[in-house]
Structures are given as structure tokens and as C-alpha cells.
């Protein structure tokens, strides 16, 4: 049944005077498909947190700094020991209180279930009292509180349900009442909510994988909110008397891996970087739905791009650079050659967000400086692992929990999982090792900046822009806001008038 | 005897070219008229014109066809439909093809009957079985419940005859009803058509190029050549005393059991497109003279009930020698 | 007496399997002397065409032997067939259908000439053309017919062309499988006349297949009557017409509708 | 038999005959022009079809950009032209290859029968058991996208149609009198197959092939639309329609023009196929 | 008749075997390693050890024939494996989507028949009249209109501009309308042309002239004779077009978010979810083959010439 009909029925009933309180409900459309509601596995927690079903001990603020949520406060007792104090009035949606004991159970559980939470599977826990617990990690782990902000660290009542994938019992303002994998989630308000009364009686989450359909569904009024809409569609909703647009920058970066095994010539890499019009791509091609990038992190962060020296867009200089490096167009086909070999590179990417568009633009831009680009589009990220590319485009959240170390470590350190371009710089490796053990935030910031700068100077990576998240809702929808993390959208104040 | 069908100065064609030209003849009640002629001379066209069958491209251009008192050429579609079947019956050459291959015989009978008259199915079946018996088909019930493909060619043709007869029409037009059949079956069917006349007194116009068949059943014979009737008369007259050169050669072309090799007409018929003024047979005629090219078509009476469009002056022909060469 | 040109010994041919098995030709034997005309009569489906196809090797015999000019040809293949075709040809019932609709009459005749008569390489174009024209003339067709397509000819003309093609090789035996039944009486008479003429001038034997007893009786020296694949009666024409022995022959004879001119 | 000597073609038929011929030649000319355009497209484009201009995105049709620009600022008109090359030549090539392979297999199977016939017909049965583009989707979906794979996927079943029609025609024609007569004239098997049988069945097959061009074009476009056909930034009508989907409301010309052009092209090929069929039909056209 | 059905069913066995072999073979040849694909879809960190272990678990180290036979055995026992993406049994996923696809196919088929038979007959009866030309023109456009293009136009006008119908079909009855129309337009156009041709041909048959000569009413000739006889051909057409219908559903379902098999498989292709693709292809093929069998049988039942000889 469509949301419209529900609303209609609700209104009709109230008109007849039988039911005086009008039921409030809205429909939320998204392209994301939800396979399971169990927050602890994979990335599923994003959804349960986004839809207000589960909550974590700490949450990230708009500049991705952790702040207490279910927790009252924390204390870093030493390099290995952390003390967390819970708020004392918190209850699960089934009425059960949230105790330190239950929280520890949760930590052990997601530590086991989720590889990103490996640190929690090896830690030791002590329960001081109902609201206090001690965590002892095996090794120093500077970003523990950031990790507790990750949605996998949702606190749920593990004893309450058999099938967490269908109806996990969390502490959020809404409870799932019906769930169809990859299609829909029906939510009802949590009458036991600890932090006020949720304004909505019901909410319907619909997966609409096709962006255009999503846009049209909002236009036709079949949904009230369209989540994560593309830039160009935003133009359709400029009428502020009807729609509210909520846009926010995220740390999801469009980045390039240069394959250092195949693209050995630094001049070529540099020329490529110089030929990419990041500003133009962000502003025009992506219609302001991206913010140009220099390094791996947005400017809102202390170690953001403004701290780095990047390469300026200058196709003329790029062409010259190539010429100096011995690349010249002898055959007159517009493609430069060296030793008779035309300069042709393979650009690979997978189908995600605006990657295809950027690649197309890059292809055209590089052609202008005489580089022939072959683009191959894949459906998943396997291709990067195979290493058969010259440039690999990727689209990744560089700091989901306000911490830079994880991304840099996985991406830039020799032989790490995500170091697809085989970048190897002993100094970077050393600095990364240092970063992982550093607790002082200022020093951390300095390290992060230095590492990025080194990598950029080696022309091993390039960052094109950060994706901006856009959510559009009808004018009468209130209390929803885009957040740089892409969760936290549903909250106790979310409502429709 | 009164005239049942009167065809007066009929000209018929497809599109622009006239195939049948200026034909006149009459059929009396109970009479059998045989129309013979070469393939393509317009026999079937004549028949379709008399029936005014829609969907066959035939266009009547001149003349009138009086059936009883009604002029068929000026009937409305519905009047024509009512005429067909009730007063005018048809039998086509290919027995199987004129029946719907996918429907049982009985349905085809009933729908033909019910199109003209309110009649109960049972009653209809009874009548049909009786009729089939008349035609030497004893196993009426089985035949009614069969599909055309389950019957032999001869049986199908008899079914087609029965279908034409079932409303007891006054005139039956038969277009080469036996030429698709084996000799033995052909002889049977011819017998049965004769019987029809005996029993119901039906008039028949039989089109064929088989002289044997005509000789067996017709009262009168019309010889057609290139869209015209060139000779017309009592059967005996035509067979014994042909005057038109074409009739003569036609008779000579018939194989006989006397061991003589049949003789053909020389040459090929002209195509309708190439036809010019004057006698269209003149190019193949042994008696042809210069005047033949110019002479308009006209008929001469030979005897009572026997007329012809040409009486060659015997002996004058310069082709006499050629003619006798093969004899 | 000379040796028969064609001898057929107890040939048999069945089609289909199991329930649908049909014995189309069942133990038929006959022979044809050089220059003789043998009539093969029988109603539709009696196996006449099948016999013709068996003799010409368009189908294989199941049992029995066929001797042509003293040689057993019942099991020959490939090249040997060509040798036989040089002396034996056939004219089919459907005159227009026996020509490739996309080939001019002349080309069709040329094919026969090239494959069976002359070495095409050793022959000039003009010479070949001449040969074709003379063949057409022999059957009473003008030379321009060589450049026509079969559908542009009337049935009778097509049949003449087919005969021209068949006599191109000067066959010793010509098989006519209902060669006239698709034609009207006058055209039929023309073809018959032509065949009789050719028979005399070329000294061919003819196997004349037909269902028209009257026609067969006019032109054949001997007649062989078929009924359901079996040979029921055979002998001199006169004997069969005047004193038929088998009831089927009698029935056939009585079915012939004679035109009694009675002069 | 009656039809045999229909020499007197009356007025009406004459007119319809002329009409059939006229229509055929007219459409043939149009088709040839279309194919010609698709070949010379690279030399006809007013703008570089691959040159982007991110500052001139989604511009409405104008004198400079006849069909407007797309979301990368590329000239839609130029891309439609270049796309003609991909769409038409891919479809043509596919049809030609499947036609040749299918026909050869069909003729050989029909004429010789036996195990070779059995083998190929069983293979055809299996391939035909896959509903329409499902096999295409499976193949392209599994071994990956790309124009070549899409063509392979469509070609896999494409040949069967020709094979079947050729085979059944050969089977009936084998028994035709004129084939038997030709055999009596001493023709070899090979000559019978290619000089006598093939010319007589090629008409039907060519008609199928012409009609098939449209189908194949739609097939390739359909796969491209699903993202299983050509890859970026190659211009192909189906993928162009797809990429314009998001701009249907903002810049409808991006989808509309390639869609319409494709439609018109398919209509032309279909009309040509129809005209060809009439042209080759002896019942309608008797004098060829 | 019964024998015929048995015979046809037996003939299906080798065909279906071939189909499964081909489908499985394609997967086997597909680039990428199923084990790592499965793992990456699960988001598990992938080490070489785990991949090896999974390969053994999945039986990927076995020779092709053995793998195929194992797969086939499981398949026949209803186990089509589990989706890489969400670990749900493939059979269950397909089962859930199947009714929607069937619903869409049947409704499109019904609409097509209801539209095309009368119009086709009309065009044939009005042969070469204005209405005939008009109908033929429309069908030409209909046939040439790619269904994805048509679908977009339909959504744009009927859901967005006129707001008559929902954008999201979601398996509701109201949502069924647009996808049905999108599928039926092209199909109807094809059918109209074929029905027209078949009826025209039938109207020119001698038995029609025969019936007219007997004075049978035109109505009876048309409905009881011609229509019935053409039914045989039309039914064959249905059988033939089921294939393109099923193919068409894939595109239309994807555009209209109709939760049927087509959408399922497109999602699966996007996610390289091989077991789902495999299951889908084999199922679709099976459905198609069965429908054709039914068509053949009804064809035989309708035509007395085939079942009694």
C-alpha cells in the first residue's frame, strides 16, 4: 500500500470524527537496499542507525568529532585502558534497561561479527557497575572512541530476538515492524524511547534503486523524502515553497590510484594530475554536488586539504611537461608518442555515484593534452585487486568515524589491502607506524598532513573531490538533516506537518 | 420450357482487360449446358460473373444476367447472398479446397442451411443424410462427423455437390467438378450429377475442358475461345456437325480409343493483352483468310438451336494441305 | 530380336515405417525394346511416378534390379549415374515446375549440354547457342524462347522446352511421367504429336506414364496396368483394349468417357 | 495452373506493381543513404562527439548544437551521427555474420540430413529454448559488458532463424520437380545447392535478414540500455537514451533525439524489409 | 495425443540438459573467481587462505564435469544455491519474484490479444482502405519503438505530468498498468500485423469463396470459419512471442521497479550474483519451453489434421 493511501485513510478517519488524533507517517525513499537489519554485520549498521532503530555509545558531530550519545562520558585511563560511563535512563524499545553488562556483550559480539571491529574481539572488559565499564585493548588503539561511533557498534538487546536481521531491538526512536530485504522497512515509533517522544507514528522506508524513479516518485508525491539524490536532479526542486533541500559535504572522496608498476614515468603522472580540472568537475559537471579536493580529507577537518600543497590545474603546463619528458605527437593523430609508442592508459572504475561521469570527463581532458585513455567500467571492486590498470578510480569514505589513520594505513602503506597501486615509500611507512601509536591529537594531525603531502609529491594518488550528500524533502517534512556521515537522519524530532 | 438463366451481351474482366466478351446464351429449366474451351479462355471468369462473387476481382462491365426475372448484376449484396445457395448452387473444381479444412462437414452443411432458413440441426442432418444417400454415399452419419481431410477426393467432391444441392437450387454452376478426380471416380461423379437432374430437375451449367464429360451429360454445348462463345448448339449437333474451325480441331485433339494419334491445334492462344480486332482464332486457324483479321464477331445460325461465329468456306483454305498432312 | 533397352525385374519400394508403411511399388517387372512406346497406366497413387523415379535413380530401389542397355544400374552412384543420364531422360508432369524459376530456359538446356554432352571448355559460346537454338527448333519453339523465364511460357510451351532439354542428349529412352496431364486437350495433342514425331526421328524408346487410358491406347505399342503398386495386366495395346482380363482394367476402360461423334 | 500465363496484367495490378517497385527502390535508396551516413559519420560531425565542455552542459538545441548538448556538454547531434556508426554497423555486421553462418548450416542440414542435421538442429533447439534476449542478458551479464560481448550474445541465437528457414525450405525444395530435373541434367550436389536451391530461397532469407536488422539494433540498444552493451564514452543510441534518462525533465533532448533517430532507423529498415518482401514475392511482382 | 505429450516431454530432457550445461558453462568461463566474488560480496576481509578454503568448500577445485553434475543434482533437488549478496536461497528469491513476473506477462498477453485480434481483423477486412493504412502506420511505429524508450515516455507523461498512475509500480494493481502498456504496445503492433496477414491469407482461401458461393452469411464466414482457422496460427504466434515477452519484462521491470524476476536478475547482474543469474536463466528457459509445449499441444488439439493422422 502506498503512503498516500495511508495518509488518505488517516485523514478520512479523522474527518468522520471517530479518531481525533491524526496519525503521522511519511515515506522515505532511498537508493540503498537493505539486506539485513542486524547492525553488527558488514555495513548494515548504517541503515539501522540512519533509520533511528539503533544507537551507538558515541556519535559524531558535524565536523566528525565524537560526542557522547548513549554514553555519558569516557576517560582514557592509559594507552590501553578506557573507562566508559553510560547514561542511566536508557531503555531498549522492549523496555529492558541498557546495562554495562549488556553493552559489554554487544562489544564482544560485534567484535566477533565484524572485521572492522577486530579490536573489540581481543579486548578485555570489566563491568564496574550498572553504568560503568572498563575496556582494555591488547595494543594501544588511539581511535577507540571514534570506533565506537561506527554504526556497527550499535547497542542492541542481544537476548531479545532470535532473528536480528529482521527485527533487532535497539534503543532508537523507531522500531521496525515489517522488513522485506532489499525492498522496504516499515517503522513505528518507539513508545519507550529514552530521549523524548518521537513525533512520527509511522515511517516507511522504500528502496528505489533507480535514481530517476526516485526523483519522479518525490515529484509525484509518492515519497516525502528522497535520500542521496544526484546533483542534476536538484535543479528540479528549486521551488522552496514545496521542497527543502538539505546538502552536506562528506568525506567520500573520488580518488585515483596511479599504478606505479605500469605508470613509471613521474612526469606522466604529474601531467595527468595537472590536466584534471577539479574545480570544473565539482562545480559544473557535478553541479556542485562535490567539493574539490587536494588531499584525502575535506577542509572541515584539521588535516584537510587546505593544509597541503596540491597541483594546480594547468593543461598548458601539463602538455609542456610531457613534451619535456619526450612525449610528442609525431603521427598527427592528437596522441603523443615516445619511442614510437603512443601514450595510452587504461582507466578502470566501478559503477558508483558519479565515477563514470568523471572518467568520461577525464578521458576528454587527457585527450586534450595528448593522452589516449581507455575506460573500463566494472560492476564491483574486484578489478582493483587484480592490478591490471594504469589508473584506478575509486570512491571511498576516507574518514567514516572522524579518524584518518585507518584510511591512510590501508591505502598508502606498502603491501596493505587497499594499496592497489603498489605505492611504497619507506618514510611514509614509518610515519604511519608512528601515527597508529600516537595519542596526541595535534601530533596526529601533523603526521597525517605529512603523510599525505609525501604521497602527493610522489604522484601516487590524486583526489578529485568529495561527494556532497543531498537529501530533498517536501516542505512540510521537518527534523531531517543530511549529516556528513550519511547516518543519523531519523531522530526523535523528525516529523511531517 | 421456360428460360431459367439468360445471359445477354455479357462482358466481364479483371481491372482493365475484358476476358469474357459479349456473351449471350440461355439455360432452360432442367437443361444441362456444357461449356468447353481451352485453359485460360475465360470459363471460370464467366461462372464467377454469373455468381457475382465478391472478393474474386471479377468486374462485370456490360450486359445483364437475368435469373428468372431478377437481374443479378443489379442485386444488392444481401440479395445476392440470399440468391446463392437457395436458387443458385456452385460446385468448384477442387473438392477439398472449397471446404473449410478445420471444420466438420456437418457444421459446414448446417451453417449453409441456417444462413437461408430457420432449421433445426437434427432436421438438417436428416435431410443431408438423405441427400448423401442419393449421391451414393451410404455412410452419411460418419461423413457428417468427418473433417474434409478424412475423406477421399471423390467423397469430398460428392460432399461439395451435396452442399450445392442442399437448398435445392434451381440452377447449379459447376466449374470443372471432375478434373481433379481419377478417371474411375470421375465417371461415378458424372453419373451422380446426371442423377441429380433426374431427381430434382435441376438445371446445370457445367464448365470443363474434358470433352468426354460434356459428351456424356450435356444437352447443349457452348464452345468458348478467347472469351467468346464461338459455337453453341445441341450436343449432337456440335459433336457431329461442328462448323467452327476451333470446334473441329478441338474434337480432333481428343484422344480416342481407336488408336489414332490425336491432333493438336497449331500455335498457342494469344494473350488477352495482344488481342486485336477480328477473329482471335485466325492466327491458328487452318481456314484463315485475310478478311478474318478484320471481320467483327458476329453469329450465324446453322440450324435451329445451333449457331456459330464462323462457317469457313471449305476447300478455299490454302492451309488445307497442312491440315491433311497429319491425318 | 535385339536386347531390351530397359529391363525392370521385380522392383519393390516402400515408404514410411510401422503403421505408416506404404508399399508404393510392389514386385513390378517389365521391359522396353528400343524404339518401343510402353504405356504405364493406373489411377492416382498406384506407384507410377515412383517407378519413374526408381528407374532414373532419383530414388533407390529396395529390392529388384533394373537393367539399362544390358547393364545393371540398380545400385550405381555418382559418375555412373551421369553415364546413364546421357542415354535416359525424363519429362515431368508439371511443365513449369520442372524448370528452375530463376533460370532462363536457355540456361537450363545449356546445363544439360554442358554436363552430359559436350566438354563446355572445348566449345565456343556461339556454338553452344547454336546447339540450344537448334534443340528449341526441333520442338517447335522460336529461338527467342531461350531468353525467357519459365513463368513467361505457357504450359504447353514449357513442356516443349522440357522435351528439348531431355532430347539434348539423344536419349535411347525417354520417360514421360504424366507429361500431358497438366495440359488441356489441345495442348496435350500438340505434345503428343511432337513426341510421336521425335520418337520416329530419334529412334527413342518411350515409357509413357499416364492415367488416361484413351490417350495411352492411341500412342503405345504395349500397355502395362498398375493397381496399388502392383502390375495387374500387361500386353499389346490392342489386346488390352479389346479384351481386358483383369477387373480393374475393365473398370478403367468403362470409365473412359468416349466422345461419340458418330459420323 | 491458371496463374501460369497471367500475361495480361491489368491496369490495377500494373499500378500496384509499379508501386511495389517504386517503394522498393525508394526505400533502397534511403537505406543505402542511411548506411552511407553511418560509414562517413566521422567526417560529417559538426563537432567532436567526444569533446566535453563541462561549462556548456545540457544546452537546448541551437544552431551550433542541433540536438543540444548532453550532460558532459557534448554535441548530441554529433553523437547521434557517430552512434549511427556503432548502432547500424554493429547490427549490420551481426546480421551479415549470422545470415551467412545460419544459411550455410541450414542448407547443408536440409540437403544432407543425417547426423549433421541432427547435431545442428539440437544445438539450435537448445539455443532457442532461451527466451529472446535472456541468453543475451545471461552472456553479457556473466562474461561482462562491451559491444563485442553484446553482439556475441545476440549472435549466439541469431543464426538459428536463418538455419531453420533455410533448412525447411531446402527440405521442401529438395522434392521439387525442377531439382529432380536438374539432377537428371547431371548437376553435382554442390551445384544443386548453390546454383539451384540457394537462389530460390535466398529471397526469403534476405527479407528475414533485413527485418532482423531492426531487431538486432533494438537488441544491442536494449543491452546497452541495461548497461551490458557499449562502454563509456562510446556513443550508441541505446546507451545514449539511457544516459539521458536522468535528464528527461531537465534536458529531454538528450534522450529524445537518439531515441527518435533509432526509431526512425528501425522503421526504415522494417519498411525496406517489407518492400523487399513484396518486391521478391512472385505473387505480387511477376516480372523479375 | 497422450503419446505425443510424452514424446515431447522426453524431448525436453536433452534440451534442458543442454540449457543447464550452457548456463553452467558460461558461469564457469566467466572472468573472476567465484570464491573471492562470494567473499567480497559478504564484505569479509579476503586473505588468500580464506579464498582457498572457500574454493574447496564450493567445490571449485573439482573438474568441470564433476562441478556441473554436483550443481545439476542440487538444482534438480530444488537447491539452486545461495545468493552471494544476501545469502538467501536462490529458489526462495526466485519464487518470491515469479508471481509478479507471471502477473505482468499474463496481463500484457491479455491486453495484447484483446487489442490485436480485433484490430488485426479489422485491418484485414478493410484491406487497403484508409483504416487499414492507418492501423498499419501505427503498427510500424509500435514495432520500431524500443520498449525502454517507450517506458520512459510513459512514466514521464502518465505518472509525472498527468499524475494518473504511480511512478512506483511495486507490484500493485494500479502499478501494473504502465508496465503492461509498455510491454503490450510493441507486442500488439507485431500481432496486429501478423493477425492481419493471417486473416488476409485465410480470406483469400478457396473455402471462403466456396462458403460465399453457398450464400453463407459473412458474419459466420468471418467468425466461425476464418477466425477459428487463424486461431491455430495465432496460437503459434503466442508461443513464439512468449520469448520476447519474457525478455522484455527484464527491461520493463527494471525501469518500473516491478519486483519480478527481471528486476531480480538485473540486480544480480549488477552484484555479480552468479547463483541468482544461473537460477534465473534456467527457470526462464524452463518456463518458456513449457509454454511452448502447451502451445504445441493446443495447436494440435485445434487442428484436427494433426491429431488424427
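The letters A, B, C, D and E name the chains in turn, as written, and every chain counts its residues from 1.
Just so we're on the same page, a residue touches a chain if its C-beta (ideal position, glycine included) is under 8 Å from a C-beta of that chain, and two chains touch if they have at least 3 such contacts.
Source: prediction; values computed, not measured.
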Legend entry - Contact-richer chain pair (by C-beta pairs counted) among D-E and C-D: D-E
Legend entry - Maximum centroid distance from subunit B, chain identifier (CA atoms): A
Inset, instruction - Quick one: point me to the chain whose Cα centre is farthest from that of subunit C. - result: A
Inset, instruction - Would you mind pulling out the distance in Å between where the CA atoms of subunit A average out and where those of subunit D do? - result: 47
Legend entry - Whole-Å gap separating subunit A and subunit C, where each centre is the average of the chain's CA atoms: 90
Inset, instruction - Please report how many Å separate the Cα centroid of subunit C from that of subunit E, as a whole number. - result: 54
Inset, instruction - Could you give the separation in Å between the centres of subunit A and subunit E, each centre being the mean of its C-alpha atoms? - result: 40
Inset, instruction - Would you please write down the residue numbers of subunit A that are in contact with two or more other chains? - result: 351
Legend entry - Sequence positions of subunit E contacting 2 or more other chains: 160, 254, 269-270
Legend entry - Residues of subunit D touching at least two other chains: 1, 5, 7, 227, 245, 248-249
Inset, instruction - Would you pull the subunit A residues touching subunit E in the complex into a rising list? - result: 1-2, 33, 35-36, 42-43, 115, 181-183, 206, 208-210, 213, 216-217, 219-222, 351, 379-382, 385, 417
Inset, instruction - Spell out the residues on subunit B that touch subunit C in their complex, using ranges where they run on. - result: 38-39, 182-184, 186-187, 190, 209-213, 215-216, 239-240, 249-266, 268-269, 326
Legend entry - Residues of subunit C touching subunit B in the complex: 43-44, 154-157, 183-193, 196, 211-215, 217-219, 237-238, 241, 251-252, 254-263
Legend entry - Touching residues (chain side subunit A, partner subunit D) in the complex: 211-212, 215, 230, 232-233, 235-236, 277, 280-281, 284-285, 351, 356-357, 359-361, 363-365, 367, 375-377
Inset, instruction - Provide the residue numbers of subunit D that touch subunit E in the complex, in ascending order. - result: 122-123, 125-127, 129-139, 141-144, 214, 218, 221-222, 225-228, 238, 241-242, 245, 248-249, 255, 259, 262-264, 266-267, 270-271
